[in-house]
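Listed next: structures, encoded as structure tokens.
First chain A sits with chain B, and in the next complex the same chain sits with chain C.
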Partner chain A sequence: MAVSVFTGPSIFLITLFYFIPVLLTLLIAFTDMDRTLQWRFIGLDNFLRLFGVSSRDPFVPRIIRNTVIYVAGTLPLTIFGGLFLSILSMRLRRGMGLFFRSIFFIPRAIPPVVWGFLWAWSFEGTRYGLFNGIRSMLGLPVIHWLIKYPMVIVILANGFLGISLSMLVFSSAIASIPTDLTRAAEIDGATRWQTTRYIIIPLLKWPILTMTAWHLMSFVNSYVYIMLITGGGPYYRTEVWSLYAYHTAFNRYRYGYGASLTTILIVVNIVLLLVVLRTFGLRRMIGRGKIEV
Partner chain B sequence: MTKKTGAAFPYVLLVLVAAPFITMYVGFFLRAFGEGPQLGIFPERFGLSNFSFLWEPITWGLAETTIWVALANTILFASVSGAVVTVVCMLAGYAVSRIEFKGKNTFLVLQLFLHAVPGQILLIAIFFLLYYLHLLHKIPGIALARASLEIPLGVWMTKGFFDAIPWDVERAAMIDGCTRLQVWYKIFLPLVKPGVAAVFIWGFLFAWHDFIYVYTLLPGTAKLMSTLIQSLLATEVIDYGYLAAMSLLYMLPPLTLFVLLQRALLKVPIFGGKGI
Partner chain C sequence: MMKVTLRNLCKYFQQIKAVDGLNLEIAAGEFLALLGPSGCGKTTTLLTIAGFYKPDQGEIYFDEQLVNDLPPRLRNIGMVFQSYALYPHMNVLDNIAFPLKLQKVPKSEWKARAIEIAKLLEIADLLDRKPGQLSGGQQQRVALARALVRNPKLLLLDEPLSNLDAKLRIFMRAELKRLQKELGITTIFVTHDQIEAMTMADRIVVLREGRLQQVGTPDELYDSPANVFVASFIGTPPMNLLDAEIEVGKGDYRVKTSHFSFSLPKEIVAKIKYIPSHGVVLGIRPEDLIIGEGNIRGLVYVVEPLGRDELVTLEAGDMRLKALVPSRLRIGLNDKIEFSFSVERVHLFDKETGKSLYKEA
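Right after this comes the complex of A and B.
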């Protein structure tokens, strides 16, 4: 009884805003809920449409392709970019390393709207955009970045957001590696590259795994930054699954179909969680195995 | 490779990667304080005309608001959210740190999982939930929903604060006849005061930065700083200098709080009970 005073409020809010919404999503997914907010159950119609059994949704294949490209682009960028920046910056003098890490941490410290604005402005297609302005000063023609390479821009903007976290995690992991190990390698005549390749990176196995799992889930579900930078356009070229679900519900007011799209996303999330759980083991997730020397 | 070029190598690579970002940040800053058209990084001349929103109403489309209304809304939203996160997490954090109860590990793992699942994908259902609870289009209601997203990590964070406090203090208090709740309120909260501040600032910051909840669940006429900037960005003619200046104002409170947060976190007694 005494415990429920302490845990009660958190359990209440989590039930209200995590579990009930999941159930509600499942319920709405079987209706053709629209802006009139009337509950009319239509059975599996939404899912049949989604899987192309009856009255096919022509956008679904394209959305799936976009999502795969988006995740396949952002995830390696986050992990390898984070490794690259943390290893390099940890080699510098402390102050300089801190300077570079701050530069790459800024994306996470500023509001999403401002980060979106920065990208939309920097890559604007006229000469009033930052990079096109610089190009036209150099006498180069402007490039319509957001029309020509929308997916690249979106991947970079989100990838560097991921990097800001992975770089921080990897840097602190590198800092906690006992110097004996790297010193010993140095005395044995190992080059910088060899030390990095055979000592530092193997010791970062655990942080790399956690960051990969973490960002995989986060990128599969992310849509806010894409919405802010390209809005899913031009013509669905950067529309990923979660953004499509959002647009379907809130721009086209087809809440029922949007909820069925979200249902698929929830299933994907549960599968991913189970895979992560299998890979890591529950006990190791609660315990903190940071650097295993 | 000689030793000297070897030492310069990481610098060169880092500068190459950082250069576009430094350009963006510097360009953004100069744009906010620039006047006239800006080609590239440098504006024609410097001035404060971009900050005109401080004394003039802001219009987009047919709608109009002032910066002060938007700021007040944002402060209300962030404060409610921060307060909810603080109270709820301080309670739950104490329980998982101090009390043995059935399902404690499940509770902790659950928090970890929920933290991994981004709540923003549940927005459609949350829209309906708030609608049926008559909380839709109301800032405190949306703040409550937004605060719930921070609870999973917050519980782990506060657990850390309480874990750092020695058991003797509370045992003494309980022998003297305090109940758990009294111990929590009279002994622990004063001890983790910097921790309370840290959790509040942290909850406040996330809500201050939030865009998607506010954008989706508030009517288009009620603006917070984030949605105001977004709607100005979505108009036909975009005044980038104006937007850069407004973004700077938007980021000022979080930056101040960020410094405070770091100080508060440094004061959290991690090594034994400081100040006991």
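Right after this comes the complex of A and C.
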């Protein structure tokens, strides 16, 4: 009784805003619903088109490639960048380290729109952009950053967001490693680098795995910052799967096809989730802290 | 074997003088205890010797080499931490071999040496286990093996026995002492437990608030404590300390407390450096009290049987005294009894400075 009273409201809300939309999406994926909101069931037509069986969608291979490149770029940046910054900042004196970490946490503290436009504006292709402004002050010609290197820029913008979280998680994990362990390593003859390599990083195994899984799923689904910075362009060069689904449904009003793209994303997510749960074990994931000492 | 010299060692944390002007010479092969209550600076001293803290003043010498600026990894020391600090992600063999691997010792050799030291410490059957699968006593042996594996010139032990249960602690006390003598390695260990210090160490350094109180063999500290602090800290149950005065008559030194008085025997008088005008503290060890005979009257306040002995608390006037007596005396609560003490074994301290009045202390 008490269980249903306490969990009831959240189960209701999750059902209303999560499970029902997912179900609706699944249903819409089998229709040809468009801006008129009229629809009829067309069976697997959307998926056949998507997989290139009939009247194939010419953008799909490119979208897949973009998504893979995007995830392959942001994920290592997030994990290695976060690891590097946390190890570095934990070596600084307390106040300095805190200051340093606070700066790198800013991306997550400010509204997404601000962060997105900050990047868009910094790499603006005219002399009114930050970097081009500096270049023109030095008498250098402007560079059309967002046209020349759009993928690099969206990867960096999202990577730094990832770094801000992973750095925080790794730093607190490092802080919870007992001083005695690193002192013992020092006594045993380890240099700072050896202590980091053989003691600290192995002890961060769980936080690293958790952050990898978390960010993998987060990046597969992410589109907000790309939309704000490049809008997927120039000409689909930064259009990733979820952004393509969004554009299809809400820019071109092809709700049916957009829903089928989203359905694929849902399936990919479920597979990833199962892999993660299998690797970590649900019981262990919700168990106690994972810095083993 | 290495000699360690501390010269006017000082370590401050902001306003707090954790170690204040420590002078000490630790002989090669010596087993030395740093003893004191918590916050006395003993662990700070150890960590400074290890190189984790830089002295604010003074010098540390290993043999003739000044090591103030030498980082811990180059000091060639072994250390066992209170928490043992075993690397949780490595098995026992890798834990023990870690110092050798860092030195790029070839695999066949580090393996052989690690196994050899594991055999010495009787943990050779645990090599595949992770630290989390070991008992406290086993963890301690692994920590010891790791500290010893590269034949360090100095071994540092920080409260090595405090995490063990009472029975194992007594066993390991003897084992550690034996091992230290067998290997002949200069060893400094930190403890707050005076019994541990007394039973294991060749010499004990008593510290209080960062300052040296007394250095000596266990017997010296027990028989001739340099001040009231050492007197009360060394020995279980602790020494009885009573306010008293010394009256000097013709050829007679009389010690008067609020409840009884007695004349000092000649051998004690001969030891006294001076008679303070502001009073003294009289110290009597519990085992020096004699119950059932004598001219001091008292009341039995409480009796604590210890098996072989009994610890009797006596009330005499406004004083309470503890006496260690054989169990067969059969003393009951509130018994009125007479007692005395061995006057030739009393201790006298200056009431103001707390320092012993005896010459040799």
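Just so we're on the same page, the second predicted complex is superposed on the first by the 290 of 293 C-alpha atoms of A that agree within 3 Å, B and C clash if a C-alpha of one lies under 4 Å from a C-alpha of the other, contacts with A are read in each partner's own complex, and residues count from 1 in each chain.
In the analysis below, a residue touches a chain if its C-beta (ideal position, glycine included) is under 8 Å from a C-beta of that chain, and two chains touch if they have at least 3 such contacts.
Computed from a prediction, not measured in an experiment: that's the story for all the values here.
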item	value
Touching partner for A:L75 - first (chain B), second (chain C), both, neither	neither
Contacts of A:S10 with chain B and chain C, given as first, second, both or neither	first
Touched partner set for A:L203, first chain B, second chain C, both or neither	second
Touched partner set for A:A249, first chain B, second chain C, both or neither	first
Which partner, chain B or chain C, touches more chain A residues	B
Which superposed partner A:I155 touches (first chain B, second chain C, both, neither)	neither
Which of chain B and chain C A:I229 touches, first, second, both or neither	neither
Touched partner set for A:V113, first chain B, second chain C, both or neither	first
Partner chain(s) touched by A:A2 [first = chain B, second = chain C, both, neither]	first
Touching partner for A:P178 - first (chain B), second (chain C), both, neither	second
Residues of chain A at both interfaces, chain B in one complex, chain C in the other	none
Contact footprint of chain A on chain B as seen in their complex	6, 10-11, 13-14, 17-18, 20-25, 27-28, 31, 37-41, 84, 87-89, 91-92, 94-96, 99, 101, 105, 107-110, 112-114, 116-129, 131, 144-145, 147-149, 151-152, 155, 179-181, 184, 208-209, 211-212, 216, 226-227, 229-230, 233, 240, 243-244, 247, 250-251, 254-255, 258
Parts of chain A lying in touch with chain B, wherever the complex brings them together	2-3, 5-11, 13-14, 16-18, 20-22, 24-25, 28, 37, 84-85, 88-89, 91-92, 96, 100, 103-104, 106, 109-114, 116-118, 120-122, 127-128, 130-131, 133-134, 136-137, 160, 192, 213-214, 217-218, 221-224, 227-228, 242, 245-246, 249-250, 255, 258-259, 262, 265-266, 269, 273, 276, 282, 285-286
Chain C partner contacts - residues on chain A that touch it in the complex	178, 180-181, 183-191, 194, 198-199, 202-203, 205, 292-293
Contacting residues of chain C [partner chain A, same complex]	50, 52, 71-74, 77-79, 81-83, 85, 87-89, 98-99, 102-103, 132, 146-147, 150
